[in-house]
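Next come two complexes built around chain A: one with chain B, the other with chain C.
So, the complex of A and B:
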């Protein structure tokens, strides 16, 4: 019974923890401009993140080594360092976007300018990382993140033509008013949002934090293969709400408030309050994840002690790195750069950095010396290789598309 | 442990080094080799720290790493941190030693960060709750 409960909790936190500021913004933006014609990209991204999160979780459970530990081992110190630099830049940029997102959620709730919340949010993030155990922080913010189910409720309340919606999803049709390059650019953004590399660092390091062994592989599979797709459905619900309410009015999403607007229209004030709680939980949880991920990657590359499973004084360099990343992220938000714009750039740069993370994971998951009987099967390999191809194409296309479309203008 | 033949690059270089309890110590940044009687090489020590990693990084970055590490060292003849190969008890997904990091006395940066930064923050000695 206890085991079933813990699996159930794992699935719930995987759903609630799936969405972050990138998913919120990308899905609302894409829904408002392209309707449901880009849902297939989100679906593709969810398949990809499931595939590679399962692999990295399995690798971590068997070897008890985090992703960057293995990246350096496989790519050597030079390519490994280049990879580290790119990954840390993208993760800190995402960290900045998440902190901005938390502050924007608080602004929505209080009408006090978001910049005033930034130092408080930064301190709260640090305090949680410093004091709370890993599993507690994951459970609390994962469960609170379930508040975003209000978007699914809103979609229901809007009483759409379900057959029409389904048709728009399975037979995607680019709106005639939009260029193909803009359409593809938003596709890249959605893909980057669904597959953000930090999720893999966090997932595999989390497996080490929670002392998984080969016995936990089955539980991890349940979390990934049930939790992530359901989390992906929340993303689709956000896009669906935007497509039904914002698109007909010609509203383009530029603020977090506009992401929540359809909920206010469909469910009313109380629904909006729940949505704001969901925004807060999703971004705060992701801020913790990106902050920790920065520490994990750097410490794992250099072989330093890392993790929350030891007292902070036993992992001094790790905690200093997390603190420095937090300071950088806070400074980033305080430049008054629009957090929504920062988010857009962070997900596109995530798409660029994707192959750097996913290639080494595929290589290690295939290595029988490390993995023994838990090495990749044929299905995981075929799918993994096909996906790596997709990821490389997306990564190569992302920067040219960004320049061509002036970042989707 | 000392007699086994293995592929250096695949099984030793850039691996995580841990103590008997699994606490992380460093990476195998480089190794020290000696000629064996049969003409092959034997690993005599694991090398760690910026003075070992620096020379393996490309160009200017590598030179700067070494130069900075030398400048900050209090030693007049700075050397990479050296762990004799006799300390190694297991070569698996990590390299396991028979001593802890404190007993080996390596990683000065960790000690410095601990005394000057982390231990000054309340709660650094407590486990998370």
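So, the complex of A and C:
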């Protein structure tokens, strides 16, 4: 019974922890502008993140080592360093966007300018990372993130033509008023949002934090293959709400306030309050994940003691890296750069860095020296290779599309 | 000059080309005007949805104000950006500007009125200003459609 409850909790936190500021913004943007014609990209991204998260969780459970420790050993220090630099840059940019997202959620709850919250949010993030155990912070913010289910409730309350919605998903058509390049650019953004690299680092490092062994592989698979797709459905609900309420009005999403408006229209004040709680939990939880992921990546690469399973004094360099990343993220938001724009750029640059993240995971998961009997099967290898091809195409197309469309303008 | 320096210059030029949209002729200016009207429409309709939802007692007061402030700031930015574009020396361009500028000003002014009414918690003012803004938004929509937005 205890094991079933533990698995259930794991699935719930995987659902609630799936959506972050990138998913909120990208799905609302795409829904308001392209209806549900880009849901296929979200679905593709969810399949990809499931595939590679399962691999990274299995690698962590079998080797009990962090991803970057293995990347450096398997690919060598130079290739590993290139990987590290790209991943850390993208993760710190995402960290900045998440801190901004928390502050924006607080602004919507209080009407106080978000910039005033930034130092407080930064301190709170540091305090939670410093004081709370790994499993507690993962469970609390994962469960609170379930508040975003209110978008599914709102979609239902809007009483849409379900057949029409389904048709728009399975037979997608680019709106006639939009260029193909803009359509593809937002597709890249959605793909980057669904497959953000830090999610894999956090998932695999978390497996080491929670001392998973090969016996936990089944639990990991349940979390990934049930939790992530259900989390992906929340993304679709956000896009659906935007498509039904914002698109007919010609509203293009540029603020977090616009993302939540359909919930107010459909459910009213209580629903909106739950949505704000969901915004806060999703962005705060993701801020913890991105902050920790920065520390995990750098500490694992350099072979330092890392993690929250040891006292901070024993992992001092890891905590210093997390603190420095936090300071950089706070400074980034305090430049008054629009957090939503930062989010848009962070998910596109995530797409650029995707091959550097996922190629080494495929290599290690396919190496019998590390994995023994848990090495990738034929199906995992075929799917992993096909997805790696997709990821490379997306990465190569990202920057040209960004320049061609003036970042989706 | 090294190859990497040339490549850097090319990338910067492309990036800047994506950020800056000069209006060298009537067609480009008309396209700029249409996209400006579309952007203003988006902000005006955001304010309208928020105001209507609030007037129906379905929106938290703390939520309404930041949404209106964001829309107000965005409208100001849209207007400033459009006004900073040098129109081509033709009567068609002058006519376009003469048609769009008052709409932008009117939308910005109405959203400011909405923000003031929201802070004073005056639902009647929210409704009456929304009614006017709704007409302005419709005219912005027509403008955008007529000019290819």
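By definition in this document, the second predicted complex is superposed on the first by the 409 of 409 C-alpha atoms of A that agree within 3 Å, B and C clash if a C-alpha of one lies under 4 Å from a C-alpha of the other, contacts with A are read in each partner's own complex, and residues count from 1 in each chain.
Keep in mind that, in the parts below, contacts are C-beta pairs under 8 Å (C-beta built on N, C-alpha and C of every residue); 3 or more make two chains touch, one makes a residue touch a chain.
None of the values given here were measured: they were computed from a predicted structure.
**Student:** Using the superposition on chain A described above, determine whether A:272 touches chain B (first), chain C (second), both, or neither.
**Tutor:** Touch partner of A:272: chain C, not chain B.
**Student:** In the superposed arrangement, does A:382 touch chain B (first), chain C (second), both or neither?
**Tutor:** A:382 sits against neither chain B nor chain C.
**Student:** Once the shared chain is lined up, is A:170 touching chain B (first), chain C (second), both, or neither of them?
**Tutor:** In the superposed model, A:170 contacts neither chain B nor chain C.
**Student:** After the superposition on A, what does A:258 contact: first (chain B), second (chain C), both or neither?
**Tutor:** second
**Student:** Contacts for A:308 in the overlay, against chain B (first) and chain C (second): which applies, first, second, both or neither?
**Tutor:** After superposing on A, A:308 lies in contact with chain B but is clear of chain C.
**Student:** Contact-wise, after the overlay, does A:107 reach chain B, chain C, both or neither (first, second, both, neither)?
**Tutor:** In the superposition, A:107 touches chain C alone.
**Student:** If you stack the two complexes on chain A, which partner ends up touching A:120: first (chain B), second (chain C), both, or neither?
**Tutor:** neither
**Student:** Which positions of chain A touch chain C when the two form their complex?
**Tutor:** Those in contact with chain C are residues 107-111, 245-246, 249-252, 254-255, 257-258, 260-261, 264-265, 268-269, 272-273, 276, 402-407, 409.
**Student:** Under the definition above, what is the set of chain A residues touching chain B in their complex?
**Tutor:** Residues of chain A touching chain B: 62-65, 69, 72-73, 76-78, 80-81, 130-134, 136, 299-306, 308, 310-314, 316-317, 319-320, 370.
**Student:** Would you mind writing out the residues of chain B in touch with chain A in their complex?
**Tutor:** Interface residues on the chain B side: 13-17, 22-27, 29, 48, 53, 56-58, 61, 93-94, 101, 107, 109-111, 113-114, 117-119, 121, 123-129.
**Student:** Give the list of chain C residues in touch with chain A in this complex.
**Tutor:** Going through chain C, the ones touching chain A are 14-15, 17-19, 21, 35, 38-39, 41-42, 45-46, 48-50, 53, 57-63, 65-67, 70, 74, 141, 144.
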